[in-house]
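What follows is a structure written as structure tokens; I'll ask about it next.
Labels run A, B, C, D, E and F following the written order; every chain starts at residue 1.
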Amino acid sequence: MHSSTGHPARRPSGRQPEQIREIRLIREYTRHAEGSVLVSFGDTQVLCNASVEAGVPRWLRGKGQGWITAEYGMLPRATHTRGPREAARGKQGGRTLEIQRLIGRALRASVNLKKLGEFTITVDCDVIQADGGTRTAAITGGCVALVDAIRHLQRDKLIKTDPFKELVSAVSVGIFKGTPVADLDYPEDSGADTDMNVVMTESGGLIEVQGTAEAAAFGRSELNAMLDLAESAGAQLFAHQREALGLRG
Amino acid sequence: MHSSTGHPARRPSGRQPEQIREIRLIREYTRHAEGSVLVSFGDTQVLCNASVEAGVPRWLRGKGQGWITAEYGMLPRATHTRGPREAARGKQGGRTLEIQRLIGRALRASVNLKKLGEFTITVDCDVIQADGGTRTAAITGGCVALVDAIRHLQRDKLIKTDPFKELVSAVSVGIFKGTPVADLDYPEDSGADTDMNVVMTESGGLIEVQGTAEAAAFGRSELNAMLDLAESAGAQLFAHQREALGLRG
Amino acid sequence: MHSSTGHPARRPSGRQPEQIREIRLIREYTRHAEGSVLVSFGDTQVLCNASVEAGVPRWLRGKGQGWITAEYGMLPRATHTRGPREAARGKQGGRTLEIQRLIGRALRASVNLKKLGEFTITVDCDVIQADGGTRTAAITGGCVALVDAIRHLQRDKLIKTDPFKELVSAVSVGIFKGTPVADLDYPEDSGADTDMNVVMTESGGLIEVQGTAEAAAFGRSELNAMLDLAESAGAQLFAHQREALGLRG
Amino acid sequence: MHSSTGHPARRPSGRQPEQIREIRLIREYTRHAEGSVLVSFGDTQVLCNASVEAGVPRWLRGKGQGWITAEYGMLPRATHTRGPREAARGKQGGRTLEIQRLIGRALRASVNLKKLGEFTITVDCDVIQADGGTRTAAITGGCVALVDAIRHLQRDKLIKTDPFKELVSAVSVGIFKGTPVADLDYPEDSGADTDMNVVMTESGGLIEVQGTAEAAAFGRSELNAMLDLAESAGAQLFAHQREALGLRG
Amino acid sequence: MHSSTGHPARRPSGRQPEQIREIRLIREYTRHAEGSVLVSFGDTQVLCNASVEAGVPRWLRGKGQGWITAEYGMLPRATHTRGPREAARGKQGGRTLEIQRLIGRALRASVNLKKLGEFTITVDCDVIQADGGTRTAAITGGCVALVDAIRHLQRDKLIKTDPFKELVSAVSVGIFKGTPVADLDYPEDSGADTDMNVVMTESGGLIEVQGTAEAAAFGRSELNAMLDLAESAGAQLFAHQREALGLRG
Amino acid sequence: MHSSTGHPARRPSGRQPEQIREIRLIREYTRHAEGSVLVSFGDTQVLCNASVEAGVPRWLRGKGQGWITAEYGMLPRATHTRGPREAARGKQGGRTLEIQRLIGRALRASVNLKKLGEFTITVDCDVIQADGGTRTAAITGGCVALVDAIRHLQRDKLIKTDPFKELVSAVSVGIFKGTPVADLDYPEDSGADTDMNVVMTESGGLIEVQGTAEAAAFGRSELNAMLDLAESAGAQLFAHQREALGLRG
């Protein structure tokens, strides 16, 4: 495990350990989607488009409930060096599938699917520019797009009760050079000893905790330090979501 | 063939027959690509990222020349209704392949590949929002991104001579309700009798002419009327490209 | 653009600039298809089989109209050197998809789909031997196979009105060593400055015009010279189709 | 097992039990392939193109020997009803793969691969029209194309010794309504109790014996009756091959 | 053909020419499948799981009959050196498809599909360890699993009559160094001149005979010697199947 | 979050909350692999084969270090109802890819890749029978197979120093009906509120923590209760691994 020096490591960005990047949530970013949000966590930019379609997947039919799913993609040159286009390679990679399954699970936690009716909402999260934390930005922005899509259904009187339960947001935390830090950017992410993605509900619950030791195992106290940082970051993210959506804090 | 009424049809957008949409070319739109341009033809928005990589495809190796290629994609909800993600379907559709082959041929016309040296420039054209004319916007914006990528190679002293030949732009023209019109938007595109994409060089040459009768065959005079509109639109597009790139007119 | 020498270039085949190759259209070439035509443009040989199937694609169901589509393939050793078998590679290439989309659009122009009833006619165009102009031969021969398939439907009393509108044919034209020429064979095709495929109706309309500058841009006068050649070649192709089908000229 | 009636069943074609269909072997059928043979077994027509390429598959490199392989395909409308195009489906079916593996093994038996040198000969067998027995026609015609390809290598002085060992041919035999019959056509093939493909060398050896009970098991005596028919048919096939190749009988 | 020495070749395993390996058939090997058999032919181990599902493939619907099919796979390290995982490569190889088609045909011969009712039984044959003869072990073990699955249907009163016809087993035979031998293991298989898989019914019929000359053609007398060995091996395999199933001999 | 009742829920298996299932680790389960372990966590059985190959993936070449990777698969009828074979579907699903990436990361934590030399060890984890916890069984058994493969390299003097660092094991923990429980079986897994997979090193470090709220969010205290159970289970798993490997405790 890590030997902490007492003095926190200097982050490449100059941020304080607990300091998250500048968050922006721009709604109605594109015209066609029922919910469309461009989310930025610093230089990480993800376009989250929520699309409403009547009907549900085959295995849910006739149960009177709805479904929420997500797809994730990265533009080939969102990254420092160009990556192959997944459509041209003929398949989505394991990382992509893993991330879009995570986003889908996270967003389903914010909705009561039984009240959604037989509608499917697909949240497409496409990374325009990547600088670490694309999946946590996608969840945080995707939740705002999802709320807009639900409002759209309500405005069109397609559903009568409100299926929205509570906001969901996500942040990455990690151990960088022995110091727990919040919202890792790419230089930190690639150099971190441990990296953890935390998905939270506004009421204080945990939806997903995915911690990975990249270089060295981590202990329970480090895990707790990271979760503390995630909680604090979560509070800020929920405030940004509320503000973007015009919800009272 | 068409029966023209004498009175030009009213375009859904209220534009004059020869009037193209508002053109925007925003350079350095993302951070990582050697050339990155967001191009808008009205509500059609395409992100064109030009990436430089050392080396050329296998069949060109050892010939001392470079290569320029393009890839095209559309975000699933760039359109009115969500389309399936090509990466998830496991293949690029015929329309996608046709378009990216067209963009590649068009952009190669603006460069002397022999002077490029053994570099490959890939221009990724990803449609953020679609309202007709995505391929012509992609060529027009892609050419600006390509020029930036070439400048990058020159700035880094990786090439010594200037491989840039001349600007290339593209516009769609068509016959809408009997009237030849320039730069069709989606409502026109889906209702047009004939649709033609024209790729031009600044010196007045034609690179590609692809005219398709959607509903009724067209005659030579209609073809000529469309080409006249394309020439006039081309002049405006070249001016926008020059301005964006800071080139003297 | 091209500098014409005044003296027309000598074509590798010794043909005159406007001279098309020997055209053959052999009907009932195979036993099973409702329409089966082996078309030859000189050494280019394409087998066009039109198959009638009850029903239409999902997106057309219930509209009371029919559908015509085309598929294109090339036997691996139709060409000078063996190409990979697309079935073994696991996908059709971009060129193949582009060509079969073109053939389908062209053939649909010769039929009133509303009168066809809910039948689908698939025209398979398989290149037995390639020497340039495979797509134009496929359209020209495919139209004859299509007429036979429609006659088959009429003979079997499956449709009551005649959905056939008019003949469609296609020819490639180009600029070879500065001279406009008709019906390019492979040596010309690979050396041409410009190559254009023109799809025409017998009544003089244009269905598709696809011109590509391979080596140098082309001007409006060259475009017009090529279209003149296409019109003249079209007249001969329609005569061949009429003769093959036993139609009065 | 079968109850034979004493009276041989009448074959749909009116042929005698031991009578094979009319065999045709047309050499130099297409221009480009080093060996090109159109083989007909009655209405079954297969185009066999043998292509010579320098080099061998990776796992054979440096062993100083050659390789012979085969690919098999069926045009979509070679059959009574149109089948899906394998290139469009994105994979070759199990039947296709099974057949092309059989053809390859059969053809390798006619050549001394060590004397072939580091060349690969690919024999493409494409079924133009199917009426039963396509794989046996492909082997019989493919062997003639292979001999032509080898002669091509010898004529070009690319190999010095003759790698050809002996002719290989193939025929299907079966039990149709209780009677052993040779060279089944499609109506027999689909109604046979047992179907067996036999690949033979001219010197009387067996290369492959693949017998399948379709409806009822078969006994040793039936197996022997079928092999007797195959031997007799083989003699005729070898004579056809010799005649086509201008070899003395 | 082979020159036999008079003295039979010594088999690598020290077995007599007619001696098959130790056969084991362990029923109820896994918990979930309706029939689950681990079959061993010496070191070759195949897990055969028979799964019952209501319904039949589309092309059989409404005919009141059932269907039996098989799938075959090999664990990547079942073999001496690791082979690629077919799921990761994205397709099943030709050998796999060929084998699973063979297993399916063989197993269908043991059942009266009309009496099975509209159920599909899928027999998955997964090779845990390979030492030659995996397909014959799969058929022999798969038939026992199939019987268990049928009993399961009868026990649950889902079918009323017994669709089981008779046992089916399979063995490989070959010519190894000039001597006919039964049940080849891997060292023999890779060195054999000829290899033949024989599928038999208990009543003495042949279902499949697939003989392949690997190195040299074989004659009728060798074929007969191999079939004699297969019959003798079959008798032993049926006895093992009967014992495993608790059937009277 | 959950309302705990004070009385722990009765587990379907009757186990105590902290009680893991019977663990078995059978080494040398198959013959060919350098390490071959059948691991059982109760009715969950996974065959873990570790294969050594010379060389490393392209991106690691020339760095003088080794690589460890894992592949995961499930036999189609390992589960209650048959699942489709991934090789037949043509791709590995997202769940499969996610699991095999996790196993690979986990196993790499037990080895010093720099000391491994340019060898790749692939650990194939194939689920023979599934009853929950297949990924944790795969990691626990895969680590034992990995140690055997490393010993194989040492015995063959292919590496000189010992790259093994420490044992790695994994267990699933969760909240079942309000009670934290260890090593969930399938009935618990499908009914759990929260499910967490924990990968640990013997020295007490955490490698991966992946907690997912299936039905309701979880709090920090629940997370801690689950981690306590994982630590305790880990101690037992390490003891089983040590015993299987003949290591002193």
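Simple rule for what comes next: a contact is a pair of C-beta atoms (placed from the backbone, for glycine too) under 8 Å apart; a residue touches a chain by one contact, two chains touch by 3 or more.
Keep in mind the model is a prediction, meaning the values are calculated, not measured.
Hopping across touching chains, the smallest step count from chain E to chain F is 1.
Interface of chain D with chain E: the two copies contact each other largely through the same residue positions, with over half of all numbers used appearing on both sides.
Look at the CA centroids: the one farthest from the centroid of chain A belongs to D. Placing every chain at the mean of its C-alpha atoms, the farthest one from chain C is found to be F.
Mean C-alpha position of chain B lies 51 Å from that of chain F. Our note on geometry: chain C versus chain F, Cα centroid distance of 60 Å, whole angstroms. Within chain D, contacts with two or more other chains are made by residues 90-91. One closed ring of touching chains is present, and its order from chain B going to chain C first is B, C, D, E, F, A. Listed in rising order, the residues of chain E touching chain D in the complex are 1, 91, 93-95, 97-98, 100-101, 105, 109, 196, 200-201, 203-213, 216-220, 223, 227. Contacts from chain E toward chain F in the complex involve residues 30-33, 36, 43, 45, 47, 49, 51, 53, 71, 73, 75-82, 85-92, 96, 122, 124, 126, 128-129.
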